[in-house]
């Protein structure tokens, strides 16, 4: 109820004009702020929110290539960027190079209004403030599932059964979709499945790989089984291509990013069958496990290390202003993401991500060497998916490729 | 324009015309298809349900009531202010072409007229320089550029594009200058000109076909570059290609492919004008008759 | 030309290349023999939203900082990175040589290694695409040159299209067209008579698609260069050849081609190099499951969440060596020409 009242209040505030709106929040800063980050709509909103602050210049550079420039842009002294917007996979690159500062003192003085869950703590230090969450979960066509008379699958095994039924009844030839494009996407699907089977990427406390395990082989075999129900070109399908298949009505079941749920059927020209049949559910489990075969992600902002304390303070204030609860009063903004901001009420599209969190989905590992493992998986698993080599061989290749990379980066001796 | 020596028998003329037509279809078909598709919605443009939708525009009809829509163009030009990127590209292209042709012509001419061994080795070194993958070069620029506050602005990108394209420009102009007989400038030198005057009075007037062609490639490089511009330009200074890439979206979120497609189609218009304007310069120019004597 | 005059003519271009290419190459060379310091790891408790806290490993920055400050370049590893599995994989190749009972098995194991797998596609691509595009470019240039002059300008523009349309979008469109449901794909499916026929699902067909794309994309370059060269063709030579009764083919063979030869060498050099560095089509077609190249490996090393600068540097240096070896026959020829003319 509280949220609804807030929304009404927000509507009034909106009527009073944006200038008054911005000034009313009194975000006054005393030093430059410069933000680098990805460019999707939710982050554009955050960038614009930071720029509402007055008193000093706030610049943003929001680009898909942010990961390639943020380390270099924060290594100088003073750093070009005072804040980088990152996810749990990419914060490690900044921490590895030691370019972001702990926010403990800033949280203490200015942290009112941030929820404890938003603070990303690494070894007792707050290193980032998260503002949105993401996870891959099930999307399906409820009309098709009704037609064959099954419930939405809660496990991958059920997904295959449903797919077989859809195929047998001649509704669709290849009912399952998945972002299995060789490279980052394929590796991510493996991570999901591997964690669902209870696998651990590394031997605890070390950088030694342990993907060539029973869980790894099971994960690969499950992916292979799923791929039998996919379009034969699946190794070239990234999430854009997979979504295109879904919208064209060619597939009925897919594991897809929650951040894409809201726009799934709003694109121009989607057929009514897809529009009305579209539904989302939580991520599936696999192999009798209880942890969903998915990973939980967050996006958040950091503050650079090589800048003056005044700039750090200004950055903290501007970024906090950008993610203040009031931004959710705009219904468009509320739909943009699964916000981790106080007062956020999940929209229909956000159900999947919340289900993922509730079911105890593992967060994507925040390890210094996880990026190397992800790259190695992406490069070496395609051979197995094409039937060119055995699962054991593919996983042995992954470990060998990872080991070479980890030795170079100094994680393994 | 064909001289008598080039007049062809009918059979050859037909074969030649058929071949041109074949090549025309091959070269232009994907583009014409894109122009057609740019007035459709994404589901028709990439119609994997049924490819004939791309022609009939079935989903476009459902969404807009007519098989054609300018929504992609409106989105790109009005909503996303694509014209800003067009202006940036214009600035980058003009300066890259002028700078690289100026310093490249001087260098290429010198290389073609000097007979010492070092010219050969300079050419080879330039060639080896060109073998360096640009992504590695750009990754190396980042740190110093950020440190010296040069990152993100157009002049830096222009200089980098000129520099990494110099080996190509040098080689190309060197090949063209070698086709201009040495007797031309040597006779000028006999008449009392120094090397630079000979270059200016005798070579410049006849070098245009080569220079224009080289300029065309410099232009295309600056125009189409993604590796350098996407890494060295800030969001507010973006040229067209990185902006088009931005329209396409990322793994987690959807882009707007039709904005990108309309932007690509509109981006081709200035090139069309440019080629039509300069094709005479490519055709006319040096003829061997001018050399004899 | 005197040394001093030459210097002044060459100075601006030389300076640009020195600063922006030569210096970075030196730094890449240095980078490839140094690797980041060994990381001191420690276990900490990480807390994230919606989940709570878990114990994870991170880098002990305090302990690592001292190492970094003492040797800012990193630790010297010599040629280790060049020889590791991601590059020349000396140990792995040696092992495969010892273990493999048959040639087949040896090749299989060799092409399981990233660099050799990339080389197998890169070299096939380079040696097929380069001659084909030169031939196609020459044919187009001759044909367009014989057109009516009003048609020439239009034809030049349309011929340039495969080069002009940014590969970002160009490959996206072709990627759809060759999809089994796209326009070209559908045509191929009906020709093949097999509803499951797909260019993208098989390695061999994907290679063919990439090669066809390569020729299509680069032929305009060869065309424009040759076309410009044809404009400087000495007409009197052609006429005298005709008076001597040379057939059209003989005119092309003995007058046109020798005249264009320096340009052919130039196109061959540039295209051998560009094709050896093939990269964009692989990304555009999402083809990395079937075909990789050296440039793609570099992109992959630099594009991951943890950037492998040393590995990318080593691959870059190997690329330069590869190009040098590849071009050496053409270069030797250029050297002979050069010597012959002086």
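Each chain carries a letter (A, B and C) given by its place in the written order, and its residues are counted from 1.
Operating definition for what follows: contacts are C-beta pairs under 8 Å (C-beta built on N, C-alpha and C of every residue); 3 or more make two chains touch, one makes a residue touch a chain.
Note that the structure is predicted; figures quoted are calculated from it, not measured.
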{"item": "Touch-based graph of the chains, sorted into line, ring, star, complete or other", "value": "complete"}
{"item": "Chain pair with the most C-beta contacts", "value": "B-C"}
{"item": "Chain located farthest away, centre of subunit B as origin (C-alpha)", "value": "A"}
{"item": "Between subunit B and subunit A, distance of the C-alpha-averaged centres to the nearest whole Å", "value": "38"}
{"item": "Approximate Å spacing (C-alpha centroids) for the pair subunit A, subunit C", "value": "33"}
{"item": "Inter-chain centre distance, subunit B versus subunit C - centres from mean C-alpha coordinates, in Å", "value": "18"}
{"item": "Junction residues of subunit C, two or more chains touched", "value": "179, 302, 307"}
{"item": "Numbers and ranges of subunit B residues touching at least 2 other chains", "value": "46-49, 139, 245, 248, 257"}
{"item": "Subunit A, residues touching no fewer than two other chains", "value": "68, 238"}
{"item": "Touch list for subunit B against partner subunit A, complex", "value": "41-44, 46-49, 59-60, 62-64, 71, 139, 142-143, 146-147, 149, 151-152, 230-231, 234-236, 242, 245-246, 248-255, 257"}
{"item": "Interfacial residue positions of subunit A with respect to subunit C in the complex", "value": "67-68, 71, 88-90, 92-93, 95-96, 98, 117-124, 130, 133, 181-183, 202, 205-207, 232-233, 235-238, 241, 296, 298, 340, 357, 360-363, 365-372, 374-375, 379, 382-383, 385-386, 389, 397, 400-401, 403-405, 407-411, 413"}
{"item": "Contact footprint of subunit C on subunit B as seen in their complex", "value": "1-6, 8-9, 12-13, 16-17, 19-20, 23-24, 26-28, 30-31, 33-34, 37, 45-51, 54, 102-104, 106-107, 109-111, 113-116, 119-120, 122-124, 126-133, 135-137, 139-141, 159-160, 162-164, 166-172, 175-176, 178-179, 195-196, 209-210, 212-213, 216-217, 220, 223-224, 226, 241, 244-245, 248, 257, 260-261, 264, 267-268, 271-272, 275-276, 279-280, 282-289, 291-292"}
{"item": "Contact footprint of subunit B on subunit C as seen in their complex", "value": "1-3, 5-6, 9-10, 12-14, 16-17, 19-22, 24-25, 27-28, 31, 139-140, 142-144, 146-147, 149, 152-170, 172-174, 176-177, 179, 181-183, 186, 216, 220-221, 224-225, 227-229, 231-239, 241-242, 248, 251, 262-263, 265-266, 269-270, 273, 276-277, 279, 294-295, 298-299, 302, 307, 309, 312-313, 316, 319-320, 322-324, 327, 331, 334-335, 338, 341-342"}
{"item": "Touch list for subunit C against partner subunit A, complex", "value": "35-39, 41-51, 53-54, 56-59, 61, 64-65, 75, 77, 81, 84-86, 92, 112, 114, 175, 179-180, 196, 198, 200-201, 203, 285-290, 300-308, 310-311"}
